[in-house]
Structures are given as structure tokens and as C-alpha cells.
Amino acid sequence: MTVTDDARQRLRSMLLTRRFEERCAELYSASKIRGFLHLSIGQEAVSTGAVRALTADDAIVATYREHGHALARGVPAETLMAEMYGRAEGCCGGRGGSMHLFDASRRFYGGNAIVAAGLPLAVGLAMADQAQGRPNVTACFFGEGAMAEGEFHEAMNLAALWKLPVLFLCENNGYAMGTALARSESETDLCLKASAYEVPAWPVDGMDVEAVEASVAHAALAVREGGGPHFLELRTYRFRAHSMYDPDLYRSKQEIADWKLRDPLITYPQQLEARGMEADDLQVLEREVKAELDAAVEFAEGGTPAPVGELLRHVYAEAS
Amino acid sequence: MTVTDDARQRLRSMLLTRRFEERCAELYSASKIRGFLHLSIGQEAVSTGAVRALTADDAIVATYREHGHALARGVPAETLMAEMYGRAEGCCGGRGGSMHLFDASRRFYGGNAIVAAGLPLAVGLAMADQAQGRPNVTACFFGEGAMAEGEFHEAMNLAALWKLPVLFLCENNGYAMGTALARSESETDLCLKASAYEVPAWPVDGMDVEAVEASVAHAALAVREGGGPHFLELRTYRFRAHSMYDPDLYRSKQEIADWKLRDPLITYPQQLEARGMEADDLQVLEREVKAELDAAVEFAEGGTPAPVGELLRHVYAEAS
Amino acid sequence: MTAASKPAAPEATPTTTYREALRAGLRDAMLADDRVFLMGEDVGAYGGSFGVSRGLLKEFGPLRIRDTPLSESGFVGAGIGAAIGGMRPVVEVMTVNFSLLALDQIVNTAATLSHMSNGQFSVPVVIRMTTGAGRQLAAQHSHSLEGWYAHVPGLKVVTPATVEDARGIIPAALADPNPVLIFEHGSLYTDSAVLPADPAPISLTGAATRRSGSDVTLVTFGGSLPRVLEAAEFLSQTGVSAEVLDLRCLRPLDEDAILASVRRTHRAVIVDEAWRSGAFAAEVAARIAERAFYDLDAPVERIGSVEVPIPYAKALEDAALPTVERIVTAALRTVGRHE
Amino acid sequence: MTAASKPAAPEATPTTTYREALRAGLRDAMLADDRVFLMGEDVGAYGGSFGVSRGLLKEFGPLRIRDTPLSESGFVGAGIGAAIGGMRPVVEVMTVNFSLLALDQIVNTAATLSHMSNGQFSVPVVIRMTTGAGRQLAAQHSHSLEGWYAHVPGLKVVTPATVEDARGIIPAALADPNPVLIFEHGSLYTDSAVLPADPAPISLTGAATRRSGSDVTLVTFGGSLPRVLEAAEFLSQTGVSAEVLDLRCLRPLDEDAILASVRRTHRAVIVDEAWRSGAFAAEVAARIAERAFYDLDAPVERIGSVEVPIPYAKALEDAALPTVERIVTAALRTVGRHE
């Protein structure tokens, strides 16, 4: 392979996310995974590109559609899959499930099942970093649907007013469940909403992993250097339904097909081949990823059911 | 007097508001009025000018600082004062007090003691008018402090998205309790926030009653003709403390003095005299207003205490 | 053709699900009164997040089946305003978990306006939401907070637990001039029953005896009813005759029905899926202990959820929620049988 | 100078108000730990809407006494985030009425994070707010909703009722690694007492017997304590010896203290300013009826607010709230004296 390591890592990360979620869908059908399951298939360039642009000390706040972000952050597929299975070995001991993946050691502040509720949290994490003089950025992911919630506005204003190191990352996949953006916002130019808080904002092609990575790196640097919060609109699309319950009645097959032409797992390998990646290198990655996921599923299958005897533990913090 | 009747009415309305509130302050000190009392002294040009520009069928939603709006709407000073006294004859039978003045017959939807909570209500009133084909506007007053609340944003977006006949009237008096606008909003150009919803917006000199009236009339017409919601920033100032509890520590005497130079109850009479109003005509109005307020206080003094036996009435609507 | 010569009525008695019953009631109400409209997140194009409104967009159009942005406080407040303005809105707040975002509008505006204005306004808004746990949706999607709403004077709070009640509840709520909150337990949507073609109206308030018995009264409501009926059936096999009282409406509460039953059975178990401390069950228990104190042969028992954020893993979730077994054990305790 | 030769200590024992006591506790905590900061609407330049933080802006500057915009959900959520990020925020939400706007953050994030993450995070945030009625502030400014918060596992809920407790509560809350909600009743701020110069730390949880008695236990908390003590005093003059138990902390609840007292007195009256149905008092009554059933000589009584939006007019408001007279009458009923 003649492409850079970085390129290969990007591809691998997106592939891992895609295949992980495909497995989850299968395991859901097999009733191994339950509850709500929201897949980000189609949006992998966002999670991979954005998370790669952050440092290990930066904080990440995500939503219920966060498998890709967790994987990109390096949370092992094994502990994630074990979590989906409700296992003691899961990243939250089986208590969170798909919507609530946390990893304190990686500053991954998880999964949140209340739309827009992560934004005030991100503001607070950034306050803590700022107060303690740590040069960290808090990257806060949310969907475009969240921008109609009051919490979005309160959080933007607080972050801007106090010049906090928050990077607001809007994953605009065009829909909030079945509601297209134009039926949710009177003004669909989302960056204008950030401008109303004097927050620098620009749109990014969210199907282009390198564009995402470059933009997030650029914005994160500005934030880190004291430039106050920034906002990026990452334009992307989800290929699958909102959740496993969604009959997907609200958009046309053609629209989905059109977006699939821009599938980062098709276009990025093509780009890399044009740059000199060997034809079977993708196969090598696929095999690596498959092995990793086989192991993850095996790990989850062999895991311990979350112990009922510990149900009452951690309702309150244990005395330290 | 050679000035127009309209001019005289404007002056009289502002005067009535000013003197009404001055009485309230005295009566508060005398413990005749209790609870929270928020005076709009200094802001009379807004309530008078704006309410005059509406039709009798338009709806009004106001805040806890709404004596002037109620008076301008024609709610009799007697029933208002009786309400402040907690009398059965009050416009809410003594149940609401200063913060909750209602008058259904005048489409005066009151007084709301939760900052920004009136905005969603106004959206709904406009929905009802729109659905029933009534050519009414809902005028919704709120302070600039309310614009940091999520409800402001949710309401703006809903109104704009659904092209509802709401006229958003922001009374920017520079402070939310002790918090100056610049310490509350990262972007202090408030009209930009309306623009982020594609809502037409412009600032108005809120110390100039004719400017307010003209702007509100202009905006109301646009709203009425199907132009969707509009937003006006009415720039004004309160001369008194936020409420009777406020020690007023957060602004300079000089700032207050500067704004008092623009007191509409000084400048408007001056303008009218320049236009030919007789020198003692103001005295005539003062006497009229005094008589009206004397009668109101007498009415309230002689009113019936809200009957304890009816405490449980109206918790639920009585079968109609 | 005389009655005698009529061919036998076709035996296909189609069953109706709880979900369909709600839809049919809503549809009736919309056909009967054009001031009625439905508003909420994804009620239209998506078909309703629990499928209640599926198909209605096509029939009634986007102004009467109105999709809203994610703005719970905004659109619930708008529903309240529209009600005051003369409409008859049905607002769907997807789930009780999200209703916290709209709580201010409900508690401070909808519940207060009539009293505070001395009766000048009434607020005929209907607010529907899914409640409850049991589907492994974890800590933020499993609340049972209907008891909170039932604390607030000015609101009416109903918890339809049967397909029949689901069929009648929306028209009944719309006929009431007050804010009515309908709590639909997520586990009930697929319940089904055979309904008459033209079902009679139901009353909004008042408890219903779902099973008669003489040894102990099991008081419950909403999503817990099926489990409680199961427990009663089990108890009957062990020789304990349990009466099952479905409260149906938490505010106003049918205290008379509760007391009448307990005065006969002398024992009570209250089952409420909310966390045990401070659940609505506490109110029911307290009233029994106050008003039927001298009739009680045993302490009142309460079964609620274990006091933990509801976890995802099935075994953990099951352990946190009321079970038939826990209900049975409590009922047996009241009759002096400790296993 | 020896002790003997020291001039007599000045006899001016300055009294401290509840408001000042809170301020002193906050100030101590801020001096002791620079991770502690106060944030809320008008805590700085205005001096705190109830004056608790007056003067602190000058001492600690605007980063540690941080004024916020009107954004309850935003800044309460930010406080939670800052706590997770290693700070020790004290968030002031002016009043419980406005806390409804922040309830989602408190219930769905602060209360769940520790359990849901399997103990990876703790949320050492302190959230203070004024609660209660009694100052003619009418329907939207008179709620007593601490019972709602006490329903939620993961939260701790305290209701300081004395100047001593006000003095110690903020440090005690900050020392706890969990989200602690402090409810300050609006009528208590001007209460005063003489405090030692260097007051001892207090415990966050656990009930306190404020008066000993043997005939009936009056259980209460927060703003109702003064009224209940008055009632006890009155009762003693009629020959009834009332014990007064101040719960101090609603979650975790000191059930043992309640039961121990009731097992001695055999009678209980619970006083809680919230609307009667579904108030926290119901939980206390239900627990007594469950766990001390065989010790009770009379039904448990509950005194709460009348179930109406609290009105403005003084006579109406007084009629809606618990009064000494109502408490006394209920207590007398428990001892068989009906007037």
C-alpha cells in the first residue's frame, strides 16, 4: 500500500463502524440486542473524520446514534458489543445499551437519549476545562433536529457568552425521525443560527472523511487557542431507517439511492485506489475488521449477564 | 388644543400608566398591595404605542410587567386596582394580582410570571385564529432577557415555520433584573436572532410613542396580510428598580439620569406643545387621570375581599 | 328479508388493538368537530412514533395532522394557546420522558389559567403521551411520571388500561373543558380486543372493577393492569379471592370506589410502576390508611419499581419492575400467608 | 495575658439570619476549595434574588460568582457538566417554579449518569432553590415541588429548616459526591439565631427531633417547621405532648427515625405545604401505615395545601395553606379529641 497510514486508518475506522452496525442490525433481528438501536450507516465519514481530529484529552459528547463515535474514539468493539448484549463486560456493565455508551477513560461522555440534552452538558465540561486551565476542547455532536430545541439555543449562547472551548458538531442528515429539515426549521441555513450568537460557523461535506477531519481540526485549533465556540454543519445522510422501529415512509427510494452514490465506503476506497492503494488492500482491511467483530461478538456471547445482585450499585457514587 | 385627538389619547394613556404605577408604588409601601410588583415607569411609550396600533380583535399576551398594556387596552383602572388589592371586583377576582391581569372580553391574555412562557401561548392563539380564518394578530410582549430562554427560540421557529400571525414585541429595557444585555447575550443585536428564523425584524425607538405606534401598525398590517410573524425590538428603559425588592445595585445613577432625559412623559408633551398644544392642557389631563385613579383607589378600597368560600371555584371549568 | 331469513352474521369479529382503538377514537373526534386537530413530533409523515396516527395525515391533511419540530415546550404551549383560542387540540408528546421539557407549560399555564383568571378562560387541551418501562429502553426512556401530573390541581389525568378505554378516551377527553393528560403505557399498544362496531362513549373519570373478589383489593392503573390481573388469577388458584380495581383516572381520584372495595376485603395492595418512594401509590395507600383505617386487617402493601434508574439489560430491567410474583407475595402477606 | 486577666468576652452575640448562614457556608466552601463556584441568575451584580450571595461577587470575582442569562435548562445542565468535569458547582435556580425548565437535565442526566455508566461518573453538583408559598406571589410562584425531586433515585434532596442547618448545608452538600438539591423555603430567609463562631459540620441526611413528646408525632420539613413548632406549643397547653420530627432530608428518607417516634407516640400527623394529593407527606403516611401499622392508635393524618393554584389575595392564600389551627385540629383528632 502506498497511501498514508492516516488514510488507511480512516478507511479502517469507517469500515469498522459500518460492519459493526450491520452486525448489530442482524443481532437485533436475532433478538440478541434489544431496546432502541439507531444506526449511523451512511454517516461514518462524520464520526471517523471528526473524532480523529481531536486529541485524547478532548471530551466528546454524543447522542443515541453514537456507535461510530465510540469506535472511532477507540472504545474496543468487544466492550461495545458486550454492552449491546447487556453484559457485565460491556462498557457500562450492560446498563446503558446502544443509546448510552460511556467510557470515562477516553473522555467519552456518551450517548444521550434526550435530543439536545447533551449540549448543556458539553458547555459544563468546557467550563471545567477552562476553569482548570486545561487546553481541551469539548466536541459536542447532535443532529439537525436538535436545533429546534430550546436547549440548543441556551447552550450556544452560554458557550459564546463565556467564550468556552466547545466545538458544536451538527450532523445534518436531513431528517429528525421522519421530519425533513424544511418541515422542522423555518430557516434551513443552519449556520445562520450559530451566527446569531457570533459563533463562527461553516458547512462541511459530511460524506468526505478528509474534509470533515480537516475542518474539525481547523475549528478545534481555533477553539483551543481561545477563539471561543465554533459550529460546523456536517452534511450527511443516513441510509437506514431512524431506528429498528421506523417503517421509513417519509422519503423516496430515489433520494436514498442518490445519496448512496456518495457513500464514503465506496468513494473513499476509490479515492485511495486512485492514490495508489493496492486493489486487494480493502480486502485485507475487511478481513481485519471481520476478525475484530467476530471476536467482539464472541466476547459478547460469552459474557456474563449483568448481575441482578448489583442492581442497586451506583445509584449513588460510592464513597471514594 | 390644536393637536389631534390621537395625540391627546396617547399622552393620556401614558400619563394614566405612569400615575397608576406611581400610586401602586405608594400603595405597596402602605402594604395595600403585596406580592411582586413590577413597574414599567419609563417604558410607557411602548405599551401605549403598541397597544394602540392593534385592533380590538387582536390578542395580547404580556408579562408580569403589564399594567400599562392592560390600561392601554382599556381594562378599567378600577378593576385593575381592585385586583392589586385582592378584591372580588378585581379583573381576576383578586386571584392573580399584579403579575396576572386578564381580561377575556378584551382578548387580553395577561400577565405571565414565568419569563418567556407567554411566547408558546401566543403561537397557539395565532394558530387558532389562522385555523378559524379570523384576520387577527396576536401581539406578544416580552423582555430582552426572555430571549435567552429556549422557549423564545422554539416559539419563533414554530411561528415562522407555520407562517402564523404573531407579532413578537421585545421590550428591550437593557436589563433582566440586574443583568445587562451584554452579560446575557453573546450577540446583542437582537434582530439578528429573529433573522435566523427568516422573521422580518427591526429596532424601534421605544421612548417615542409615535414611532412605536407607527412601527407596530406597519408590522401588524404585514402580519395580518399573511406576511408571517414579525419581530420588533423596542428600545426602552425602566427608571425604577426591577421590583419592589430590588436594591438596584447594578447600574449607575448617571445611566438612569441619561435615559430620563428621554422620558416620554417629558418629551411627548414638549413635542405636542411645539405642535400647538395649550400649555395647561397637560394639567387638564393630569386632573382627569387623577380623578380616574382616585376613583379606582376608592373602588378598590371599598371592594369586597376575595371570598374565601369560593377558593375552590374555577380550579376546573364549570360545565357550560 | 326478515330476521329469520337473514344469513348468519359473518363470524369474522375483527379484533382491534389498543393502538387502533386510540386512532379510531381520534378519527371519530376529528370527523365530528373540525376544531379538533392532532399535533406532535412525527405524527404525520412518519405515522406516529407508536403508530397511533398512521394513515391520518392522508385523510385529514397536514394542518389537522400537524408534524412539529423537536420543541416540546413550544408545541405543548402552542396547544394550550390554541385551546384557549377556541380550538380542540390533541397534542402528542411522544413519551412522558420528553414531557419534562414541556412541564412548565402544563403546570404553570394549562393548570393555572382557569383559576387564576377567575374562570375567564378554560383550557380544553388534550395531551397524550406514552409512559412506562419494559422494553429495555434504559434510564432516560422508562419513566412513569403520571403520578407527578396527578399532583397538580387544574389537570385531569387518565390512564387507559384496556382497549375499550383506549377507544373512548380521546373523545371523552375532548368533551371535557379542562386540560386532560392521557398516559398510554408503551406495553399496551399491541393489546387487542373485540369491540362493538359502534362503541358507547366512556366516562373520563371513575374507577372500574376489572375482577371481583373478597379477600384483598389489588388497586392499579395503566400498564400494570395486565400483570395485576395475572396475579389475581394466580391467587385464585391458591384460594385467595382478589378484587382488581383499575383507577382509570388519577385526578380526580375515585376515592369512594377504593374505600368501598377495601371496606369489603379489608386488605389492599397498590401496584404502580413508578419508583416506590413518592409514587402515586403512596397517595392511594395514605388515603386507605386514613379513611379505612378501622376496616383494615393488614397493613396496606405497595408494589412499585425498585429505586434505580431503569437499566437496559433485560434481567436487570425485569428485576427493577413490578412482577406478578412480587404482587402475589404481597397479596399473600396481607392474608397472613408468608411464603 | 493569662486567661484570668482577659477582659470578659464582649457580650454582643450577633444573630445570624438564615440567608446569612447560607452565605457563610457557601463562603467557607469557596475559600476551602477553589473548584467551588456559584452560578445562577442574578447571583452576582444583583446580589442574589433572595440576597444569599450579596457581597460575594466582590470577594470572589465574576468567574466564581457567575451571573447567567435566563436559561435554566442551559445553566443547570452546564453545572452538571462542570461537576462531571471536576468542578464543584453550586447552581442557584432562583425558585422551584423555574426549576421545571431544568427538570430534564436534573432527572435525565444528573440522576442517571452514575448508575447508567456503571459508576464511571459521579455528579457532585449542588442545586439550590427557593420553594414554597406564603408571600402572595400567586399561582406560578408558589409551588412546593421538593416531593417530586425526592421521587427520583440518584438525587439527594434536603430541606434545611433552621439557621443551623442553613449554616452547614452547603458544605455538607458539596462534600457529597452526588447531586444534592437544597430547598430553601422563602419564608425562612429572615429567621435568625445565634450561631457559634466556628459552627460544627452538619450531617446531610437524617431527621432531627426538634421537640420531644409522647402523645403524637408531628412530622414535617422545611418551611412548615415553624408552624408545626407553634402547633406543638399550643398543643402542650391543651395537655397534648407532641413530638416534632424535622425530616431534614427527603431522599434518602430517615424512615427509622419516623418509625421509632411513631412507635412511641402511636399517632402521627404529617405536615407538608405541597398540595395534599401526591405530596411527599403521602409517602411518609404510607410508610407509617405499612411499617408501624400495629403500633398506630389512630389513622395517620396529613395536612397539606388545599388543591388549588395558590391565589394572590392574602385571605385566599392563607385559606389554601396549612395553618397552625389545622395542624392542631388534626393532632387533637388523633388523640380522640374532636372539636
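Before moving on, here are some points about what is shown:
For reference, chains read A, B, C and D in written order, and residue numbers begin at 1 within each chain.
Here, contacts are C-beta pairs under 8 Å (C-beta built on N, C-alpha and C of every residue); 3 or more make two chains touch, one makes a residue touch a chain.
Everything numeric here is computed off the predicted structure, so don't read it as measured data.
Annotation of chain A and chain D: jointly contacted by B, C, touch as defined at the top.
Look at the CA centroids: the one farthest from the centroid of chain D belongs to A.
Between the Cα centres of chain C and chain D there is a gap of 33 Å. If each chain is reduced to the centroid of its CA atoms, chain B and chain D end up 36 Å from each other.
Rounded to a whole number, the gap between the C-alpha centres of chain A and chain B is 46 angstrom.
Residue positions of chain D with contacts to 2 or more other chains are 69, 71, 73-74, 97-98, 101, 104, 108, 115-116, 138-140, 153-154, 307-309, 311. Multi-chain contact residues of chain B (touching two or more other chains) are listed as 95-96, 100, 112-114, 148-151, 154, 157, 161, 183-185, 315. The residues of chain C lying in touch with chain B in their complex are 35, 37, 63, 68-69, 71, 73-87, 89, 104-105, 108-109, 114-124, 153-154, 156, 177-178. Within the complex formed with chain D, the residues of chain B that make contact are 34-36, 86-87, 94-97, 99-100, 112-116, 145-146, 148-150, 176-180, 183-185, 245-247, 249-250, 305-306, 308, 311-312, 315.
For chain A in complex with chain B, the residues that touch the partner chain are 148-154, 157, 160-161, 183-187, 192-193, 195-199. On chain B, the positions that touch chain C within their shared complex are 59, 92-93, 95-96, 100, 102-104, 109-110, 112-114, 117, 119-129, 131-132, 150-151, 154-155, 157-158, 161, 313-320. Partner chain C is touched in their complex by these residues of chain D: 73, 97-98, 100-101, 103-104, 107-108, 111-112, 115-116, 138-140, 143, 147-148, 150-154, 251, 253, 274-275, 277-283, 285-286, 288-291, 293-294, 296, 298-302, 307-309, 311.
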